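Which chain is which? They are A, B, C and D, in the order written, and residues in each are numbered from 1.
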């Protein structure tokens, strides 16, 4: 531990946010900027018979109106991950057009873009575009989309499957083990579609400069470089050095701002057409219809146990809706980010998962906080809790029985799963023991049985999750179908005065990089935090980067910076040795200076920096300057884990769930800033609670969305949740220099099944074994009646 | 699981013979008067009309136009009302079966069952209130019909 | 239509279309972009400002309705470089992450504390029912407001 | 989100507002707090040509005592109502209802007159207005009239107000023993079910909101009331119960009974 690492250092970014001085994309105004509005389909599936833009073109202030017929029709946004059929057939990848051409495939798909001098004028003119549609039958349920005769989303294929994929042991072997199992627990349920709902709606400004023939795209994205790469190389065919992508402050992402959206591309195209900057900021209504959603799995699962309660086999079949097109990472989410977590924290010897990914007439899904891992955890943790009830065992006891024994990844090697991954280090008993202690589990069980006698319905639910974070080793993901590497870039530029500018390809949209990164940089260099500036979010400042998602910023982005720091110190030592007239190996570096061991002869980091830039008296043959950039490609994923426990009380009259306590004991490896880690856990937990109790995107059978505003889409408010009780165990990651594992998604992964299991536990004496999420009062009440 | 097809059903007892009621609901002039929001009804074919309406219900106001037709007629007994209306705020397609049956001595019970399908903004934003809207509009329709019968 | 308002102590006069919301007026015409817009239906609270001593949602208020009014936005909370005790408390207790809902949270917190100088946790949570935060799980926002209230009372 | 264009007129008197309404008719909307109207206009679900702002009309935001009645100006906000000593002491049930509406910001702007004229089927005041047997004071071209609560709500968003009438005040009898109970819709926080009960000796008056297309007096409950809460089983007798994503007919009917029972027992 240094001066800053591990300390609850207050965030440096807060001052600007608290004063209203944050710089979100919609806050930016450029000279001569125009405003865009989209004309969107009121149908989920329809033929476009005609579009009449004449009246709109003549409206006040209108600069231009474009449809797919006006030159941008050839372009489409790409998918970044290829998941093929298990029989070898290539993934079906339809064009995802910037504007719909002949056919509408989901509600809210854009058919025209109107550009005007002001936002008011753009909106007014958009109302004047007349589109004639022929509505067609739609399908939004992933399982129904695979039924015989289901309406086809893309006519060129005989059914709606984008892929049909499997992972794990041989299916026949798993089935045989289930046949012979002492007990088999079965579950069928839907992991419902949810809308990420970052409070900042997506916002873009494209600015083409005719003088330099260069574009600047200001965008609310989690990964500016990836957007530039996709936009240039895969959509518009613009050379990358001609595009600068800037992402200043971003108001939350939760996955939904990872992807390259059609609006980014069309605005970039439009800006050159009109020779002026153009801005579009989504409304919340548009956000519900166009931001990538999460989840949408239809699941059928069986888990077999021997007579001692040891898991012997696990077989699952899923239909995971893709929506109308394949969003950037969509195919990876229910496959490689999901199936590879089916081992959980258990020693299950036989696992098989089959996933069909159907197209549906709904907005595309993609990674949403946790991405595939919450869905895997939900399944494992619910089915184990259900099995415990069926076998009349305590759910904690059943977990202890099946845990993988502790291993640190150094003395003991990593744990090889049945589903491709090798866990780095883990101590699963530890978090469950601590979690039960934090809760007072035994006392609670007594309280529960007392309460039950008085007609009160108390329940407790346990979830012991694991996730794969720090994504990801490029070679591994490449072999799994990723079309990009997932390394990160860290650039350390030491200024002549010894002040340090750090450029990272990771992007902060709430995680606090400007503080946390400065903490470890300052410690590693032994300089004050004030001497360190963290820069991110601008492709012309940062060499390259893959962005922030999958809890990768510190584990991958941080490690890249560490590599550069090591290079800086290595060169610094050469300069110091020269100046101190000592051998390099006789120097030691601490507290910002090189000292000749055993003497008081030293030179400061600042003096060495100055020497590097004013190399009058300098080691022969050494390049001047002190400036290093590094690419870090992780050796493995990281595997945070933990225990989440929920306590609920159900109102017997209404079915309303009162979440009384929530306990989280997480192990995210080493902790750079406990305040920020706790904050990440709090937020994730509440998002997971949201899915368990409140959130659901509902499409009706014709593909209309009936939860398209905050009047109908319920999310946790302050009075829906209690304080979150947190604690940690620390099992360092053995393969990255900071020993960190990542904390961004943990909360959302662990909490959902804990809450659902708690409600089911509260009602178990009434014969309730499962309830479909979200556990609305109506659903809970109905479950109690049956 | 959840259908946004709004169920429309109910019954209304009117103090008139099925003969009188049958004639009135097939009379475009009467329909134009009693259907909430209808501004004009123009006959385009037998029992088929082009309808222009302006519906104002609390926070929502929209100018609709489209077709209204009456199908599957069984004299004085039953028919199917088919409505297909479009507007900037969304579209409505409805099919409502209407049945007339004598009740008590001089009354007729009108039973109606059907569904309305919404799309666009109306469907997305109006979910919380749609079942109430249908109920209120139906009541308005039958009240107006009663009034019309009294006036005749 | 001509309107005149006092915003953060400064008087402004503009001729604007009646359909412009107060939030839009602040952001687009006055460049006071600290007030954010997160939804269309008065649901999220990101646009909360103080009008004539009360927290209001500036996206559900026409600028013309605020004519003659006295408005404080997030930009008017700090005294120069000295942050308001509520702002201080949010920083001290990590009551914000992405910062987008934060201005609305701070403005609402000011109303809560003004009307109830010693709010309980339950009262704070109830008071925040009109403000969504998607990052913090509210835990540290509630703590921040508790501490801000204590500070303002001492 | 930006509404379509409209003209905005700030009325300085009730008469001016009525004249304007008379002149613009179907194309005009009255604006008070704006918390129902403005979101609809932003979504362009409503595009009035004229918006008449009545919020600045003098004398419409007072809460006064008039003999056995409390007279509440139509422009009183929910916040003013829930904070009024007079209401807390003499008409506590209304303060209870006001407290459940929206959130702080909404309560700071939304008005009782606006809420009643809007007649949202899930709004909180209507149940209370019905149970208290309040009267709505409306002014129009032909002068002022009072409308009994029972006659006021006529359907979803539909009231007994004439096109050119506005609500100027609501007159409540003082209520010593009243109680409002609400089950919230989890997204909008409107009432899935809201029940107002006013007890007076052996008699009880029950207003219900959220359940049907219009708020109603649960007369079946009132008639069956025997001093216990068993009459709650009649909460939806003869009522066509609404159904939506959050509560279908069966569940909503059940909730109505539960909440009538709660309110009777409170």
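The working rule: a contact is a pair of C-beta atoms (placed from the backbone, for glycine too) under 8 Å apart; a residue touches a chain by one contact, two chains touch by 3 or more.
Keep in mind that what you see is a predicted model, and the values were worked out from it rather than measured.
By number of C-beta pairs in contact, A-C leads when A-C and B-D are compared. Between chain C and chain D the centroid-to-centroid distance comes to 28 Å (mean Cα coordinates, whole Å).
Rounded to whole angstrom, the centroid-to-centroid distance between chain A and chain D, based on C-alpha atoms, equals 44 Å.
Touching two or more other chains at once are residues 17, 19-20, 40-41, 43, 127, 129, 131 of chain C. For chain A, residues that reach two or more other chains under the stated contact definition are 119-120, 127, 283, 285, 698, 706-707, 709-712, 715.
Listed for chain B are residues 2, 88, 121, 125, 127-128, each touching two or more other chains.
Those chain pairs judged to touch are A-B, A-C, A-D, B-D, C-D.
Contacts from chain D toward chain C in the complex involve residues 1-8, 10, 31, 34-35, 38-39, 41-43, 51, 53, 55, 79, 102-106, 108-109, 188-189. Residues of chain A that touch chain C in their complex: 10-11, 13-22, 24, 26-27, 29, 119-120, 197-201, 249-252, 254, 283-285, 509-512, 675-676, 678-679, 682-687, 709-711, 715-719, 721, 723-724, 747. For chain A in complex with chain D, the residues that touch the partner chain are 119-120, 123-124, 127, 283, 285, 653-654, 656, 694, 698, 706-707, 710-715, 720, 776-778, 781-782. Within the complex formed with chain A, the chain C residues making contact are 17, 19-20, 27-28, 31-41, 43-44, 46, 73-75, 77-78, 83, 87, 90-92, 94, 96-103, 106, 121-122, 124-129, 131-142.
Across the complex, chain A is touched by residues 2-5, 88, 90-91, 117-121, 123-125, 127-128 of chain B.
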